[in-house]
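So that you can tell them apart, the chains are marked A, B, C and D in the order they are listed, and the count of residues begins at 1 in each.
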Amino acid sequence: MTLIYLISAFVIAGLIFLNRNTVLNYILVVLFGILQTGFAVYACFNYKNTFLQYFSFDSLGLLLLLTLSVVSIAALIHSYLYIKRHDETPQSRAIYFAAIVTLLTSISAAYLANHIAVIWIFTELTTLSASMLIYHHRNKLSLEGTWKYVFICAISITFVFIGILFLSLSLQHAGSTDLSFANLMAHKDQLNPFWLKLAFLFIFTGFTAKLGLVPMYTAGIDAKDKAPAPAGALLSSVLMNMGFVAIFRLYVIISHTSIFHWANLIIFIAAFLSIFVATVYMTKVINIKRMFAYSSIEHMGIVMLGLAAGGIGCYAAVLHIILHTFVKSSIFFQYNQVYRTFQSKSLTHVGNYFKYNPTGAIVLLIGFISATAMPPSGLFVSEFLIFKSLFDANYIILLILVLILLTIVIYAFGKNIFKILFLPVADIDESNIPKINPWESLSQYILLSAAIWLGLNPPAVFVQLIQDAVNFLPK
Amino acid sequence: MLTIILILFTSLFFTGIILRTKSIASGRKGPGIFQPVKDVIRLFRKGAIYSETTSIIFRIAPVIYFSTVVMACLVIPFGSEKGVVSFDGDFIFFAYVLALGKFFSIISAMDTGSSFEGMGASREALYSMFAEPAFFILIGSFALFTGNTSFHAIFSSLHLGSSITYTLGGLAAFVLIMIAMIENSRMPVDDPKTHLELTMIHEVMILDNSGFDLGLILTAGFIKFAMYGAIIADFFIGSLALSLALPLFLLIQFTYAVLVGIVESFMARFRMSHNPQFILALSSVSFLIFLGVLLVLEKFV
Amino acid sequence: MINVLIIILLVAIVAILLVNTKSQGIIAVSTVIVIALLSSYVSIKALFGSSYEVIFTGTVIFGKVPVIVDALSAWFILTINFTIITGALYGFNYMKKYREKKNEITFHSIAYLLIYIALLGICSVQNGFIFLLLWELMALSAFILVIFEHEKPDTIKAGLNYLVQSHFSIVFIMLGFIYVAFKTGNFDFDAIADFSRQQSVMAGTALFLTFFIGFAIKSGFVPFHTWLPYAHPAAPSHVSGIMSGVLIKIGIYGMLRMLLLIKMDYTTVGYIILFMSIVTGIYGVMLATIQHNLKKLLAYHSVENIGIIGIGIGIGCIGLGTANKWMAILGFTGALLHTLNHSLFKSLLFYSAGNVYQAAHTLNVEKLGGLIKKMPHTAILFLLAAVAICGLPPLNGFISEFLIYGGLYNWLYSADLISLIAIVFSVGGLVLIGGLALLCFTKAFSIVFLGNSRENHHEEIIETGFWQLFPMYMTLSLMVIIGLFPNMFINALQRPVSLFTHDTVFNFNLIKVGAIDSLQTISWLFGGLIIFVLAIIGLRKIVSRKKIIETGPTWGCGYSNATSKMQYTASSYVRSYSKVAKPVLDIEKREVEVVKIFPTEKHYETDPYDKIERIFIDYPLKLVNKITDLFAFLQNGRLQAYILYGIIFISSVIIIPVVFDKIAAILHFLNNL
Amino acid sequence: MTNVLLIIFIISLLYVTIGNRIITYVRVLALQGVLLFGVTFLQLHEIQTWNLVLILLETVVFKAVAVPMFLSYLIRRNKITRETEPYLPHFISLIIVTIIVVITVLLANSIKDTYLDKIFFIVSLSTLFTGLYFIATRKKIITHVMGYLMIENGVFVLSLAVGNEMPNLVNLGIMLDVFASVLILGIFLNKIGDVFKDVDVDQLTNLKDY
């Protein structure tokens, strides 16, 4: 089935790319949607099975796959709306959808891969397809953004490859060559710590480009800024999750070796720096989209903090990243409506959105509450637990610093969001402000309410899945 | 019950005595002792003229002012005799009920919309604000001293034994007199006989009152004087027998009045800008008294 | 019961979303009243004996959720209910002027219901996690309520300021709960009790102080008060009313709840609270006196009154610490009663301010004047509320302050030197607060309502309608009742207070503790005073029956044509005060002096600012900007730089430990020398 | 024999740093491709056709022929000037690269590992860092691509250093990587050539946040 899925998905992508007929395109897209959903459902029934030797439906993969499928449906709907409005050429439309299908497929494959090299290959694929999406508008800035993204990703992918080489080197000490995670786990005690350190360092640094963490987060911001909003939603939610999966799978193995604390230290440093950078730019940016991108950076920092703090923090980290996926994607979808209303992404030209589109304004408001993890949003639960884990692990100073930074973030974020929502802008011609159909926000409401529901009152099976995902980690 | 009668009685000629003293001091013949009372009575008979700026406030304020003063008198004991009412913390009631009166006299002054009266009002408010702490700390220290928190209990159980207690008594008397001066807006804080509205405090506030209302206000003034006189007297009467207490009371009231007269005729009013410091000084004096009390009770270790 | 409330709430919200603007208001008000009736029923039962208890089985993460309405909760719930109802009634009529802002009104009504439920929840839920959720729900809905007039940048600024500061408060409270959960692994309030049973007294004190800061921010203790003076003027008047009447009291509730749960060094805590409260009270009223914006003035008075309540709590704590039972009783009774009183007269004052605003379209007192002739009801209501807030007889303010005085004087006998000094300063502080309040409210009342109008308003000023005045008269009547028959309420306070003194319920009428005993007499005296006043008025009528009563111009001391511009202004009224208090205050002056013999246009305006805000808010913000500016270069758009970050990261991770090892080795070597 | 090739490889690095015409870089890259083939070939224990084909494809066909041709095509198409405009003068670059080599030697020396072939390790690391340095100090965008390719070569050598039991999967991976990235980079380079007047990194600094 996995094979069928992969092949047919790529075939669909190819077909979309080749033909220029609108109807046919959309039929294919719908087909893909069905395929994706079907695959997700199939995955649920084959929990803990392995296919093609390189893919296995473990709990983390399953969780994120389901998340992705949910978000991808919304993303496809919004892409349709987006493309329809921007009267694109058939060619660009074809490229767009082909790219998005490839992106989603390769991300799903990467989630499920149980072999680091396989993850690596699919990461490469995501870079390619993402670059297509970023270049969608074909103007100077998008070109620049794409160039940077591709280049940084190429460099970081090389880092990852070097890391893999070191990993294999350290595995040779265990007298084995198979780089699958299961095998690594089996030989976890014989792994050579020196090479393992280097391996972790390079792989971590490499994947920060996807995960959106210091040091390689930089190009990701431009990418999310330049990609069309629906694609941006994917880049800043599910793609980041892919980076998380890659690091997490290696981290699970590291956590049973002697360099565990060293690895934690590195993660702490990177995570804290990410939160700090996010804070710095939250107070500075005037470009709304980039602001959301930085907020994602901040959240990834929090997630990694939770992971490194251990204990309940690991649980919270997985919970947080899932909830963040829902919230951030819906914010990006909503952003598109904001842009349509004001035809600008600069804070100086946007304001009093509440007056023109209350439905959307509420989405943005709830999104803000969730993104700043205020109660009663779901993310409050995960963030609260992460703080608690930091407290339990005696990182009081770190906790206090983070809390201060987050408060600054709330201040900055709030300042901008309320400007967008409530403050009227000086010279605005109300005549050519389009009336936005409230039903377009439906999917966003669904996603947000899902985030709140999963946070405050998680169903038992959901909790169980997360428990399984983290129960390889030392308690 | 006895006190209120005595206070009303003394208030009849209290201001008269002051005037008499002043006229004697300045070598004039001067009016008779009962002249002020006669004036008031005439006022009661007169009609009234109200400014068209004023509102209901202006009409009810004098009444409330008068009634609060009378109310305040109710809690004042006479030596070992209880006042009309007496309860724990009645001096708090005393101070606050007077404050109520002040509140209304101030807003009635503001009601006329005259800049002069406003000036008076603001000064009145400021000075009384500064005067309050002195009073509370004073009574508080005596409450500590005697272990009671009502006028009657304090005064009846107050017996000045050692020399230091006498000094305390003296200081207390001084503070009380000064507070009385401020409350009745007399020298050295305020000069009722000045001719320039800019320099008045209490007088300027009642510029627009006339007839019955003015009468009430003046009467209230007399009673207030006598009231404070009574409190001062209570300090020294203590738990004496009535036969001694009565003349002593009258004597004290008399000397108090004369004292005021003399002060007024031989002293000049302070500069307005100096008044706050002076009034705050009272608070520190009463704090001194408090420390003295601590000394007496050997609270210092 | 809980479920019923939730269902009612949800139904109401859905209904509000469906119907038109007018009926939205009606639905909101009626829902509020229904919920209020239900909760009051429960609370009254709790207040006189049987406390209400339900325990929900929560989730694995935050454990079970007990919902308990004991006497303390009951008192606060009742306080909340009354003000919320009057607020709803007043707001319904107040909002009629804004009917065209449909979305805002929908939003507003829902937020009003949410904040009410949140408040009720906070008073009754006994699980830290849910407590936090409700706490923030309250903050958010309050924010929504505040930014009703969101077109004004100041409103948004105020709202944001409020939101961020309340987030600070939630952070502190959260830390407290996390600390408890860290020690006991449990979030509900019993865990706190366990905590203080297991841990040392010191730990308990530390925990309490953490919570205290959190709650102090919400209730606006100095120096955490800076959000108040912005949020209140920005909000619609009924919202200011409930914010100042109820919202900041919830902080007080939190403190008292924690006092019940945590075992600590009561005396120390008491002294801390007492000190902070005195500072709060005096500072608040000192700044209130120099404000020109009526609502801002009232906001600073809320700070002052929180100070008074705090003094009560402080005395209570010290009473507990020094095992001086009567002192504790007086302190807590005073504090709780003053909580109710303040919520009454402060909301009344804000409602009156709202009437003024809607009539004259300004809150700047310097532009107002002579309103008593145009709107007598509002004027009288404001006057009485002012009398009450100054703690003057015969209204409710006096009663609670009297009790607190009673506590202080009761402390005298059992006191050592230090506490005696403390007493003197508290008494002095309390008296000073009273005096300043008097100065301030004589100013406020007389400048706004008395004399002549200082500006000619473009449209005719008219008294607000009956239905808007009705809730105000409701509030007033309760105030009068408390003033004249305090003992009813004192009796109602027996159970809440006895929770603190940890003894069986006692009957105030049987025991003869000084101040409470004398309340009876005082209420008689108040009655007497009123009767006496009426009698004299009657007498005046009789005497001046056939006298000529005429009217003329105000006596201008010889100057014949005085204009309304020559009246005493607010700034001039408090000028001598502000000269005395200069060192504490921070007033920016802008004036054009008279220069030539024939002076041109002269003007003089003062602009009061909060010194503490300068230190605690403005300066840190500047600092943050400075620091963030330092790092603004990171995202500089240069590809090389971006790659460099990666290299730096990797190489520093490799090199730094090595370097450290070398340095350590060298140091070790040097030590061995 | 292997060592000779590797030493030539390092010399090629030094040569690159002082070459002041773009075409030189292209040639050097081609040379490196050939060298890599030689090295890999010598490393093979027994000749398997499949493996051999793979390596041939990867090194000679791809690194030595296809990519250089593609690059020179790009240069011609975008009329890129022939000078390599470095930020730093050549001799400084030379010194720095030498230092890099020395450091890597020291670094490799400090590692005690039987599974690691020292000289390979040295070569790969120095290539890696030279490539990064190259990217950091050259103005033209195409030189960035070249620097990237150089890094790839370094990685390739590293993979040899690790020992040639590398699973084919990974070999495929690296091929794909090089291929894809060069392709993508090339395409966008073209685009950049179309959009901007001259292909200079200073053109690409508009997306920033301050």
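One rule holds for everything that comes next: a residue touches a chain if its C-beta (ideal position, glycine included) is under 8 Å from a C-beta of that chain, and two chains touch if they have at least 3 such contacts.
This structure is a prediction, so every number in the text was calculated from the model and none was measured.
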Going by the stated contact rule, which chains contact subunit A and subunit B alike? C
At the largest C-alpha centroid distance from subunit A we find chain B
Could you see whether A-C or C-D has the larger number of C-beta contact pairs? A-C
Could you work out how far the Cα centre of subunit B sits from that of subunit D, in whole Å? 101
Taking each chain's centre as its mean C-alpha position, how far apart are subunit A and subunit C in Å? 43
Taking the mean of the CA coordinates per chain, how far is subunit C from subunit D in Å? 69
Centre-of-Cα separation between subunit C and subunit B, whole angstrom: 36
What positions in subunit D touch 2 or more of the other chains? 144, 204, 206-207, 209-210
Multi-chain contacts in subunit A, i.e. residues touching at least two other chains, fall at 147-148, 151, 155, 221, 281, 284
Junction residues of subunit B - those touching two or more other chains: none
What are the touching chain pairs in this one? A-C, A-D, B-C, C-D
Residues of subunit D touching subunit C in their complex? 132, 135-136, 144, 201, 204-210
Per the touch rule above, subunit C residues touching subunit D in the complex are 632-633, 635-640, 643-644, 647
Would you mind writing out the residues of subunit C in touch with subunit B in their complex? 369-370, 372-373, 376, 379, 383, 387, 390-393, 398, 402, 405-406, 409-410, 412-413, 416-417, 420, 423-424, 427-428, 431-432, 434-436, 438-439, 441-443, 445-447, 450-452, 514-515, 517-518, 521-522, 524-525, 528-529, 532-533, 536-537, 540, 543-544, 547-557, 562, 564, 566-568, 572-577, 579-580
Residues of subunit A that touch subunit C when the two form their complex: 147-148, 151-152, 155-156, 159, 201-202, 205, 214-216, 218-219, 221, 266, 270, 276-277, 279-281, 283-284, 352, 354-355, 358, 369, 374-376, 380-381, 384-385, 387-388, 391-392, 403, 407-408, 410-411, 414-415, 418-419, 421-424, 456-458, 463
Counting only contacts in the complex, subunit C reaches subunit A at residues 59-61, 103, 129, 132-133, 135-137, 140, 147, 150-151, 153, 156, 159-160, 163-164, 167-168, 170-171, 174-175, 178-179, 181-182, 624-625, 628, 631-632, 634-635, 639, 642-643, 645-646, 648-650, 653-654
